[in-house]
Amino acid sequence: MNTVTLTLKKVPELYLECEQVTPDTFAGKTLDQIAGITGYHGKEMPTMGEYFTITGESGATAAETKIVVNGDCTKIKYLGAKMTAGEMVINSACDMYTGAWMKGGKLTVNGDVHSFCGLAMAGGEFIINGNAGNYLGAAYRGDWRGMSGGVLRVKGNAGSDVATFMTGGEMIIGGDVDIHLGTHMEGGKIILKGDANRRIGGQLVKGEIYVFGTINVMLPGYKPVGEVELEVDGTKAKFVDYIGDLGERHPKRKGETVYGHLYMKK
Amino acid sequence: MPKEVTDVICPFCGTLCDDIVITVSDDNKTILGVKNACAIGAEKFNHQREPGRVTRPRMRQADGTFKEVSYDEAIDWTAKMLVKSRKTLMYGWASTSCQAMSIGHEIAEKTGAIVDNCATVCHGSSLIAIEDVGVPSCTLGEVKNRADRVIFWGCNPAHAHPRHMSRYSIFPRGFFTVKGHKGRKIYCVDCRYTDTAKCADEFIQVQQGFDYELLNAFRTAARGEALPDTVGGVPREKIYEIVEDLKQARFGVIFFGMGLTHSMGRNHNIDIAINLTRDMNDYTKFAIMAMRGHWNVTGSGQVLGWQYGFPYAVDLSRRDQARHQTGETTSVDLLNRSEVEACFYIATDPGAHFPVDAMISSSRKPTVTIDPHINCTTEISDLHIPVALVGVEVGGCAYRMDNVPIETRKVVEPPEGVLTDEELLTKISKRVDELIAGGGT
Amino acid sequence: MSEYIIRNGHVFDPVQGIKGDKKDIAVNDGKIVDKVGSGAKVIDAKDKTVMAGALEVHAHVAGPKVNAGRWYRPEDKHFDSHKKPGMTRIEGGKSIPTVFKTGYEYARLGFTFAMEAAMPPLYARHVHEEIHDTPIIDEAALPVFGNNWFILEYLKNQEIENTAAYIAWVLRQTKGYGVKCVNPGGTEAWAWGLNCLTIHDPVPYFDITPAEIITGLIKANEFLGLPHSMHLHQNDLGNPGNYKTTIDSLKLAENIKATNNFGREQVLHSTHIQFHSYKGTNWGDFESGAKEVMDYVNKQKNLTIDTGNVTLDETTTMTADGPFEHHLHGLNHLKWFNVDVELETAAGIVPFIYDPNNAVFASQWAVGLEIALYAKDPMRCFITTDHPNAGPFTRYPRVYSWLMSKKVRDERLNSFKKADKVISATTLQEIDREITLYELAAMTRAGPAKCLGLSKDYGGLKVGMNADIAIYNINPDKFPSDGPSIEKAFANVAYLFKDGKICVEEGKVVDMGHKQTFWVDAKVKENKQVMHDVREKFLRYYSVNEANYPVPESYAPHQHIISVDASGVR
Amino acid sequence: MADKITLNMITCRTIQQGVGMEAGKTSKKYFDACTIIHMHPEDMKNLGVWKNTNVKVTSSVGSVIVKAVETREDLVPGLAHIPMGPWANRIVPAYTFSTGEPCFKGFPVDVEIAANERIMGAVEVLQDACGLIRK
């Protein structure tokens, strides 16, 4: 695997939108060609070369290309968005849409990310070694297809509306979340190591949520049905099994109603 | 001799009453009387000729005072600001005509701006919810003619839409509702015992911020599932009782307002209310409607809808693409994060209605405010351009809260020399073209 | 205005019976003329196909539900919004394009006219605002009448003259073009959460049946002698077994003769008939009823139809058939939008994914093609996708490729995951017919123009007709044999003339043309009863005042008013 | 009695605010309608504030002086209301949860008596926050 290293030269005055910074776009390109790729800065279309020092070499394909981004990326959007293969490491906090619509490969952010990251993620591995903002792994506005595959791991806390309309894949949050986790979920798995605020699993059709900490207010649509011993993300523990959201529709399989499950660690 | 203008449309709230009668002076310059309007509507018409109304643009000086400038100077200054700015917020539009909006959008597309309307701090939550789950709704006449269960949830029409209850929702007698109020059961759900609650047959006091939980309980009860003893302060028995009564409705309707859109969870409160409405359609007929605030905020959403496919917060900053993401391209977020470098306000007053931190951010950027009157925003702007009062001094299309379009009427002449929004925007657009052709950007 | 001479193109014009002959077409001052001077600009159409501008007979392109479909589906254009170089605006939306994209795309496909298929009268201003903003193409809109309280009350007593007078009044108020009827009675029933699934189900309270509404509206339409016939979206759309209701409804037109001065021969246009041609009792034993339906249609000369071809895309369904959308939402659980419109109609919207892996959707695809391929008279069968219901209109080139090439459609048919099921449920595989360019010109130009009562000026290339001309990069002698090439050829005209002006050149929009709004002004005898009823209903039941109901002139700055005079009819 | 009490704040429309707005943002009607805080009598008692006394309301983003009044639109104890306007917005948190909507309803505030403090005008209260008033 070849590595291209981008080092930010100057912090953008507005926000810099870099949808093209992915292994998919960089693959097979020379450093000059990469430097010539444009982003958006408001209505300006600056080249990557204007903002980054670019070194290293890209691979022939996305899968053979690794991108390392250094410097203060807090005002950069869309890093790693839509990547399908290869690897990206961002050694900074970054802004919105990081890893959004990601389909494959591995994306690591060594810092915090803002909202709408991992939006509608379909595959690959996305690791956030910091805190995440709102709408992590959620669906784009209006879409009923949120995160559908892959693994999204947050070391710290995440904001509100995490995993809205999730249909598949796995999300692990090391810290706490704010309101509305897994709203409208229709598949997939969320593991929350810390505490949740309120409205967990509202309007949930299908899927599993594991909570190691506490929930501020449990929704009336959840009902405990027993206790189970489970191994969740490497931890063996006893959980109380709640089914729900009982206010929502649920599919039937072989005549049996399939409920969502909310497992609360005892 | 003074004359009466009938069937006038009130340009205040989303109820868009169209039965106002205005008495106008012989010279078509002064409003002498207003009939049928509510207190707010009447005030709006009467305020048209306030003494000392500004009739020429004003530019803020270094010492903080304002100096009168010509329309041409103001237009030139505005166009230059728009062409220079790499990303501009063009916010407002809720109190102007659809025709004016159209011209504004063209300017935004040419100069790379974000067009956002007052829904952003009002029913934006409702629009997100509708984007997520749709909405079963109806026109207000359907409510008048058919509804026998009416729920006001987190809205207070007695204060915000004063004639709503008499024209459409509580009192009128319609085709299938010959008994008027007597034939309807009115519920009000709120955290306060509002004046609307006082008109209701039943008031359900919900703990502030617990609407989502209560709606979740309603849906759970509707499916016959068990509930905790109380939800949001409402006893379980009450919830079951209400849900059973709603299922007995022939035609039910939920009206909701900012009690839902502004409280914790925002869009999800509406989203789940819509889902309750949808559930009720398995038993009977049910509709739900947002009590839209500004008289033509709905129109702005419509025009943006047919031109770009998004109802508000439309980001045209790239000039070759339209994008929309509430939380990113919404005015308050843009200002909070200083994502824009110039502000253009039209037909609105964010200075009065945005949280202060957003306005502090705004006040540090070049700002133009277009409004008939002096307001909070004009006084922190670099340039205030006065215009004619739409719906009073110039007509134009507006959309009612149920999306019914109504052409507003001109009843009196604007003050001499004052441009309309359409005229002003057309001139700005032309000047922008000249600057771009001259190599602006 | 400039003169043009289009040289050496292969001309297809059913109006004159020209079947691909090399001919020159001269254009002057917006009209097709005999000859032009030597200064005329020459357009080399050698090895190209020349047809009249196409006319869309049924699409949802402007108005409240179309727009709701747009704005409540941001996901439909998040990755599909772009501006092409040149004078055009940003174009957004896949299944429901914005007004700008609608105008440009129709023009690029060779269309010069589109009929908005359902205008709720109360929302007419909205429809016209969108029409106003849609560039290039001419448009008109059909107000809906099938569930209107006035109509239900008049027709309960068979008052055809009052019905006609009320229709005339509405056409004038709304700048409407004709009489649309959607799920007659069923949509009024929907206001109580009910429906009318056969033409004999009584409408709650109003005590009338869909059959009576259909018959009455046909008669009122002919009483007025409108350019277009009654335009019907039948009861029981989209359900297995509905072909019987379809034929029952069509039979209501038997023995009614067209009365008009526009050369129109049909008295009933039955729209998106694909959705109404299903046999079986459920989706398990579902079979195509296209043959049965088309056998009847082929026999009855006073009927026209359009197909409603499923394009196998993710799209957005929208119709004034409110109960149907509720039913659909129950099947796919996607976001449901509904509006009931006081005294008049309703509308529903649900996004829909016609997944080719699903046997039902693939069969619907086949039924749509069967309809067109069974049509004996291409002047009475028009190709539509009921945009955006069966698919977006931008897919017309693909639909043409399936209809014009057996090879292309069989490839599609045989590559379905459930191909066996589709082949056994339909007869498509047995059909060898390939629609010719001449037939296509009838199904998309001459036919729709005649059906809409516009055949005097539109749909053909005869001298004196309007110079709406589409030139395609298609050499009929070397007609492409693979799907993508056929699609490519139809997707972007070499030239589009609209009113004698070049608006599109090699797919690029170069002029916004002179867009017109068509509407019909029908004159009737003064009718005190109807005017009294109007006043009464506005006073008591509408939520707007009568004076605020009409569409002001400014909404249609370029009007093309077609006048009819029924004041002498009795 | 406490020096200050913590309440849950909502900011809403009122008809007086609507009329005031149309009378003009610098009008007395607008000032009178919006420079008030509706409190429950019990909370007023707890704070030891008489009605029509000025109070200082402080949230996470700032403070504003308004006049404490009772309301006919009953509140529950612990809930307070300031009609929407530039005064209310001096204390409304701008955080939107990525929804575009700031926290207009349901945020904690401290209320303390400030009987001798002056209530600013509509323009002044905004200009003051923006640092546009030259002292």
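Labels A, B, C and D are assigned to the chains in the order they are written; within every chain, residues are numbered from 1.
We adopt the following convention: contacts are C-beta pairs under 8 Å (C-beta built on N, C-alpha and C of every residue); 3 or more make two chains touch, one makes a residue touch a chain.
On a predicted model such as this, the values are computed, not experimentally measured, just so you know.
Colleague: I want to compare two interfaces, A-C and B-D. Which one has more contacting C-beta pairs?
Modeller: If we tally the contacting C-beta pairs, B-D comes out ahead.
Colleague: So how far apart, in whole Å, are subunit A and subunit C when each is placed at the average of its C-alpha atoms?
Modeller: So the centroids are 44 Å from each other.
Colleague: Between subunit B and subunit D, what is the gap in Å from one C-alpha centre to the other?
Modeller: Spacing between the chain centres: roughly 23 Å.
Colleague: When the C-alpha atoms of subunit A and subunit B are each averaged to a single point, how far apart are the two points in Å?
Modeller: Here subunit A and subunit B have centroids separated by 34 Å.
Colleague: Calculate how many whole Å lie between the centre of subunit C and the centre of subunit D, each centre taken as the average of the chain's C-alpha atoms.
Modeller: Distance between chain centres: 57 Å.
Colleague: Provide the list of subunit A residues touching at least two other chains, using ranges where the numbers run on.
Modeller: 115-116, 134-135, 140-142, 144, 179
Colleague: Any chance you could list the residues of subunit B touching two or more other chains?
Modeller: 128, 131-132, 264, 319, 324, 326-328
Colleague: Can you tell me which residues of subunit D touch two or more of the remaining chains?
Modeller: Residue numbers touching two or more other chains: 97-98.
Colleague: Could you please write down every pair of chains that are in touch?
Modeller: A-B, A-C, A-D, B-C, B-D
Colleague: Across the complex, what residues on subunit C touch subunit B?
Modeller: Touching subunit B from subunit C are residues 62, 64, 66-68, 70-74, 76-78, 81-83, 89-90, 92-93, 96, 98-100, 122-123, 125-126, 129-130, 133, 149, 190-193, 205, 326, 329, 334-343, 346, 349-350, 540-545, 547-548, 552.
Colleague: Going by the contact rule set out above, which residues of subunit A touch subunit C in the complex?
Modeller: Contacts found on subunit A: 139-144, 249.
Colleague: Touching subunit A in the complex: which residues of subunit D?
Modeller: 97-98
Colleague: Where on subunit C does subunit A make contact in their complex?
Modeller: It comes out as residues 72-76, 78, 333-335.
Colleague: In their complex, what parts of subunit B are in touch with subunit C?
Modeller: Touching subunit C from subunit B are residues 6-7, 9, 18-19, 98, 102, 106, 109, 127, 130-142, 144-146, 167-168, 174-176, 250-251, 278, 281, 284-285, 287, 301-311, 316, 319-324, 397, 399, 402-407.
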